[in-house]
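Chain nomenclature is as follows: A, B, C and D, assigned in order of appearance, with residue numbering initiated at 1 for each chain independently.
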Amino acid sequence: MKILVLNGSTRRHGNTELLAEKVTEGLSCTKIFLSEKKIDPIRDMRHTAEGFPDVEDDYEEVLQALLAHDTVVFATPLYWYGMSGNMKTCIDRWSQSLRDKRFSFKEIMSQKQAYVVIVGGDQPKVEALPLVQQFSLIFKYIGMTFAGYVIGKGNKPGEVLQDEAALDQAAAINRMLKEGAKK
Amino acid sequence: MKILVLNGSTRRHGNTELLAEKVTEGLSCTKIFLSEKKIDPIRDMRHTAEGFPDVEDDYEEVLQALLAHDTVVFATPLYWYGMSGNMKTCIDRWSQSLRDKRFSFKEIMSQKQAYVVIVGGDQPKVEALPLVQQFSLIFKYIGMTFAGYVIGKGNKPGEVLQDEAALDQAAAINRMLKEGAKK
Amino acid sequence: MKILVLNGSTRRHGNTELLAEKVTEGLSCTKIFLSEKKIDPIRDMRHTAEGFPDVEDDYEEVLQALLAHDTVVFATPLYWYGMSGNMKTCIDRWSQSLRDKRFSFKEIMSQKQAYVVIVGGDQPKVEALPLVQQFSLIFKYIGMTFAGYVIGKGNKPGEVLQDEAALDQAAAINRMLKEGAKK
Amino acid sequence: MKILVLNGSTRRHGNTELLAEKVTEGLSCTKIFLSEKKIDPIRDMRHTAEGFPDVEDDYEEVLQALLAHDTVVFATPLYWYGMSGNMKTCIDRWSQSLRDKRFSFKEIMSQKQAYVVIVGGDQPKVEALPLVQQFSLIFKYIGMTFAGYVIGKGNKPGEVLQDEAALDQAAAINRMLKEGAKK
């Protein structure tokens, strides 16, 4: 089993990264930090004859990584009660990949498992629920199995490590990933 | 009353723009199309000494427009069960404006009214509800009054004009805006 | 097309009934007021050999009405951010009907259309969204088509008639029902 | 700290009770099984001169238990994507308690902590989210602190004990309750 962590944080070494590391502890995985990639907003060309144009940015690299892994951990801070703009802009581009003639994006994605890691301040365990619902709809559409999620509370640097309930959930997902890795 | 339409579509003249036009029909308003602006993702500098750096893009222009209007219509296609990456990236930057020393962003925003216009294909009247909840949390946090929303169904160009229930709701918001404009 | 209005209000002639009447105006329909029926809570017997016992209350009457109509309007006040206990207790009994050997409940229900009418005080247009999501999940499970919903605002008697946006939505549903009635 | 478990299951010794027991393991607590109480649906008398009538059922007993404990664990199976009718009917009666002249219900409740335990079959970790949101709105309205929740998966008798992630969350809540018990 190959694991990809797609991290939508806007800075490195923050609470989201810390919690994602708990989820993948002891496991080999590929990490992509979207803040280090340049991904342009999609331009909707579904209804034009020429279709989507080639875009010269880092999306192709992220896409190839998505295609090459069996399990994807979507890790994002809760920004304004949603995933980060970084991550949303990246997922929006999936509309382009759905029309990519090199492969069947939906068919390939439908064989993968998805986990979600969210960290927010204030009251994330309730305020992040619309985002969990959004991820659930996304995965259902694209066919990915929504295997689990963890919502951590953290505002100041490192604070999520004090959220014991979140650490327990991260450990539970870690066990699931390790069992999957044996197969 | 001054009205701003903040349009998160990725192309012009689509269903989202059509429905937003029904909402503002007969009213003077400023329109900003985020697809025509360059807005960089926020870099989270809340926890550094130097704070947020100046960013050379079009966010300042959008910010000034937000500050200068009493009513903001957030119009977005439903992309992957959320607002467009364009719009999310713009709203994420509000975290920077909250720390802008030139003014109290929260105090100014809290005097404004917000409307939301969403257009999606498939089953948007249910699938857009997590997004409406997200907008509701955003407005509550920033203090804006959530005055109304309309969810339209449209996939092919122009199709939203066949969604009579959505047109009725747009007309109801239009009446509210016109009554507000008299004051 | 035969229309059933299942009304979960706890008293007659309230705002929920008023808005439901707007939805069915000019149409012949059967009305059931759950406050006038005695429906016992389900006793979960799924995991026992003898199955569900016969219950001597009015559920059978409501069930027969459900089976005999093509379109069901679920009308409920927003009580504690959910449907009324009356209505929930009734829907819980569907678990018993799913095991009723006289007919295939799911197959029959899957041919019907559902509309939802909700009236709440305070901020129902946002606060009722978890309930709309719940109804959506219910209808998806049982196979009913979720054809539309309207959320009205009303606290004092008659107040919902001042909610113009809700009246417009009710009128839009009314037109849909009338078009369906012609077929 | 005095703990009340309000159990909305319709039968004893089911998955919901099992998971609630994990939450309160090693702690002294009062347990009320709503299936063993007779609680009538509320009759809405807010807008009549005489107000709410006395009702001869077991609600007063449940009410006194609520008032007498600091922490309330609301344990319910996920029936039709919501709390059981038993529990909803009970909570609906709070509207009556809000008008009870013997005490200020809201003021007393606002000093209490709430936990939620939900067990459902199929995909409860996503499908129970509208119910978690509903509980969140209920607690916000009445002023209770929403201290935590756990969603377990279980259909057949005892099955929830195989949901390791849920058991971990239950254990995390158990630790919180034990720390609270020391104070």
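Simple rule for what comes next: contacts are C-beta pairs under 8 Å (C-beta built on N, C-alpha and C of every residue); 3 or more make two chains touch, one makes a residue touch a chain.
Note that this is a predicted model, so its numbers are computed, not measured.
Peer 1: Farthest from chain C by Cα centre, which chain is it? Let me know.
Peer 2: A
Peer 1: Quick one: compare the interface residues of chain B with those of chain C and tell me same or different, with half as the dividing line.
Peer 2: Interface between chain B and chain C is built from largely the same residues.
Peer 1: Where the centres are mean C-alpha positions, what is the separation of chain C from chain D, in Å?
Peer 2: Whole-Å distance between the two chain centres: 25.
Peer 1: In whole angstrom, what separates the CA-based centres of chain A and chain D?
Peer 2: 34
Peer 1: Need the CA-centroid distance for the pair chain B / chain D, whole Å please.
Peer 2: 38
Peer 1: Please list all residues of chain C that touch 2 or more other chains.
Peer 2: In chain C, the residues touching two or more other chains are 133.
Peer 1: According to the definition already given, which pairs of chains are in contact?
Peer 2: A-B, A-D, B-C, C-D
Peer 1: How about chain A: which of its residues touch chain D in the complex?
Peer 2: For this pair, the touching residues of chain A are 123, 125-126, 129, 132-133, 136, 146, 148-149, 164-165, 168-169, 171-173, 175-176.
Peer 1: Name, in rising order, each residue of chain A that touches chain B in their complex.
Peer 2: Residues 9-11, 14, 35, 41-45, 47, 77, 79-86, 88-92, 94-95, 127, 130-131, 133-134, 137-138, 141, 156-157 of chain A touch chain B in their complex.
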